[in-house]
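Next, two complexes with subunit A in common: one pairs it with subunit B, the other with subunit C.
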Partner chain A sequence: MFKYILVNELRALLYTWKSMVWFLITSVIFSFASYLFLTDKELSLLDQSEMLWLLSKVIIGTALMIITVDASSTITGEFEKETAESLFLTPLSLKDFVLGKLLASLSLWIAIFLIAVPYIIVVSAGSHVTAAFIMFVLMLGTMLILGFQMMIFGISFLFRSSKNTLTTSLVILLALVLPATFSSTLKNNPLSHFLSVTNPIDNVFSSLDNVLVDYQTTLTGNLKYVFPVLIFCFAAFAFMLYSTKLFKRSGVVKND
Partner chain B sequence: MNIAVKTENLSKLYGQTMAVDRLSLEVKNGEFFGFLGPNGAGKTTTIRLLTGIIRPDEGTAIIQENLPAGSIEAKLIAGVMPESRGLYEWMTAREYLSLFAHLYSVHNAIKATDEKLSIVGLSHEKNKRIGAFSRGMKQRLCLARALINKPKILFLDEPTLGLDPKGQEDIQILLKALNADGVTIFYSSHLLNEVAMLCSRIAVIHHGKLVAQGTISQLQEQTGLTNSGLKDIFLKLTGD
Partner chain C sequence: MHRKSFLTLLVISLTVCFASANSLPADSGSVCSPPLSMSILSKLALDGIAGDYVTVSAEIKNISAKTITNITTYLSLADEETKLPVDLEDWSAEKGLFIGTIDAGQKFPLEWKIHFVKAGKYSLIIIAEIQGETNVLTSRVTHFAVSPKHNLNPGQVLPVALGMPLFLLVIMMFAAYTRRSRLMKSQ
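Then we have the complex of A and B:
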């Protein structure tokens, strides 16, 4: 049954031109970043691996921002536009509803990733880790985005308001992104170090650094960075499960 | 299989307000059952409890003899036109209805979609965006959605609200035909004339409590208003 929700959601993305706006923003940001890396006097002096690492930050950062904004209204929109009631009057299960929405939202990330691939290829011209780097951006990006989506869906079921969900999600995103931008000197502090090794975003960038600088292109070589991202995904899944239980208990319509 | 809907001590509390208070009623198969009450009496909450959109705090509700309200089996045999219409404005009527046909796993969804659109008089508008529909057309589309799974029981919450007299008459004729075909109809409305004309039995709730139920003549007897219409009976039963 989830496939009908997925198809409906994908059609909504196309029909309402929402996705086109996202893709345009993405293309402009990636073009601008790549252009600067390759033509700016100072940026073009950067080592190619550092250039790629910065580009990966731009790609994943842009995707996280877009997914956060988009996913914040994916579930809550059904409550605000009062379409949830008619959907749940059918035999549609909550599991199928969430799965359909999750896959639709994930497809937005896949599209953003596909837009990013040509830019990666151009910036990484001549590098022998291009393929591995692309695979790692896809794998780590997918895990990170999936974790964020589940967390945002969990928040959506609790608040049922897109404004509150978006604000909360952006605060969490900011709280995770900021420590990831700390310099390595700052991370020598025990607290900063702890934040760094537990922060999923930080671990994604550390893993990509590991691929580009230390040529660790195997999964086992990156396990210590992949593991915290996996834990984040499981925690987000558990949170979503908890909030859907609360949702089931309180009913599709919260109040009369 | 004689009981279409049965509730026992059904209760729902919203904060400090008892929206539905130990409601016990029974609707038989094939009945056209009117459900009346003033604004805020608990009609919509009752329908939401019966269709599984919200859970009761106490009591039970069953559909078709033994199916718990809100269960998948109950949803498959019930058609609902809720108070909140909730339509995807960017879709065409046909796309919208076929989505629901698929969600109900209706055999030959496209054929069923066209058939229901034709029944509610929207055949010529099937490829038009819902956003461009008038209120009455949206109302008809909601009714088509409620009929898409060929329900045995129809729960209708103000189905003719916003329709012009011709539209109201069309819906009334359609509902009569469905009832004649054996579909049980649970009908909530503020239009007392309409209820008096369509319904074989009526229940009145006030402050979440059932205050009377029966045929119009039984309600006349209960209130002592032997020669009065439903409006007077309703006002007497719900006057504080």
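Then we have the complex of A and C:
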């Protein structure tokens, strides 16, 4: 049954040129970044591994922003357009509804990743980390984005308002992205070190740094970074389960 | 002794005492170098390409007649261009090596694997500190010349940087055309 939701969402995404403009803008961002990395007088002096690391930040950062906005409106949109009530009158279960929406939203990340692959290949040309880099961006990006989606879906079921969900999600995203951009010297403080170790975005960037700079291309070599991202995914999943239970209990028409 | 010559001697001795008192450091505590010697066994200058690994090896020796305990040795890396110290985070997995005990006359080998992270000119020194001692022992400088990797091909970027947005634009136009023709058919 989730296929129905998934196909409908994908159709809405690919049906009009307006809904596809963001694909074009994303590719322009990647083009701009990679062109600057390779041709700018100062940026091209960067070491290739550092260049790739910056590119990975651009790719994952753009994807997180797009996914946050999309996931914030995909469920709340059903409540605001008042289509949720009729949707749940059909044999469609809440599990299928969430799964369909989750996969449809995840397909945006897959699209962004596919757009990014040619840029990764061009920027990493001549290095021996291309395959490992592509694999790690896909794996870590998918885990991080899945975690974010589940967290945002949880917020959506609690708030049922696009505006509040989007604002809260963007603030959470900002709160996690900002410490991840701090230099390593700022992370020497015990509190900032703790935040850095638990921050999933920070761990994703640290793992990519580990792959590109220290050539630790195995999963076991990156386990200490992958593990916190996995915990974040499980925590987000638990939060989504909790909020869907609350949603089930209070019903589609909320009596506040 | 004449009174005159006695006075001259007194003035001279007082001047000498005053001068020697002024020449003493403010801190009258003993300022002596640590009873250790350090020699760098690797080359004076090491060069490579960003991404390469080099090994810096040294040897520390107890030149005193007694056992020395609790010696901490660590690296200090400075960028010769910016004249600023460099964070060793990615350069070396081991920032410092701790030596528990060195017996009199005993030598202890030190070895660091250094990863050239970024192109530039750097200088590295090894510092040895004995717990409780005021002074530290520093090694001679090892110079690093790290050249950038030249495996980038900027010529490849233009076809992708221009081609990808154009490709997506074509897909968008195709989607718009298909939708319009479907609508026309249905009307």
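Assume the second predicted complex is superposed on the first by the 250 of 256 C-alpha atoms of A that agree within 3 Å, B and C clash if a C-alpha of one lies under 4 Å from a C-alpha of the other, contacts with A are read in each partner's own complex, and residues count from 1 in each chain.
Assume a residue touches a chain if its C-beta (ideal position, glycine included) is under 8 Å from a C-beta of that chain, and two chains touch if they have at least 3 such contacts.
Since the model is a prediction, treat every value here as computed from it, not as a measurement.
In the superposition on chain A, contact is made by A:T16 with both subunit B and subunit C. By the touch criterion defined above, A:V252 lies against subunit B but remains apart from subunit C after alignment on the C-alpha atoms of chain A. In the superposed model, A:L230 lies in contact with neither subunit B nor subunit C.
Between subunit B and subunit C, it is C that contacts the larger number of residues in subunit A.
Once the two complexes are laid over each other on the shared chain, residue contacts for A:M139 go to neither subunit B nor subunit C.
Look at A:A84: by the touch rule set out above, it reaches subunit B but stays clear of subunit C. By the touch criterion defined above, A:D214 reaches subunit C but does not reach subunit B.
In the superposition on chain A, A:L38 contacts subunit C only, with no contact to subunit B.
By the document's definition of touching, neither partner reaches A:V197: not subunit B, not subunit C. Contacts of A:L92 after superposition on the shared chain: subunit B is touched, whereas subunit C is not. Shared contact residues of subunit A with subunit B and subunit C: 15-16. By the touch rule above, subunit A contacts subunit B in their complex via residues 1, 4, 8, 11-12, 15-16, 81-93, 249-253, 255-256. On the subunit B side of its complex with subunit A, the touching residues are 14, 19, 40, 44-45, 48, 51-55, 72, 75-76, 78, 80, 82, 84-88, 90-91, 95, 99-100, 102-105, 142, 145, 149. In the complex of the two chains, the subunit A residues touching subunit C come out as 14-17, 20-21, 23-24, 27-28, 30-32, 34-35, 38-39, 44-45, 47-51, 115, 118-119, 121-123, 125-127, 183-185, 209, 213-214.
Partner subunit A is touched in their complex by these residues of subunit C: 50-51, 87, 89-90, 115, 117-119, 148-149, 151-154, 156-158, 160-162, 164-165, 168-169, 171-173, 175-176, 179.
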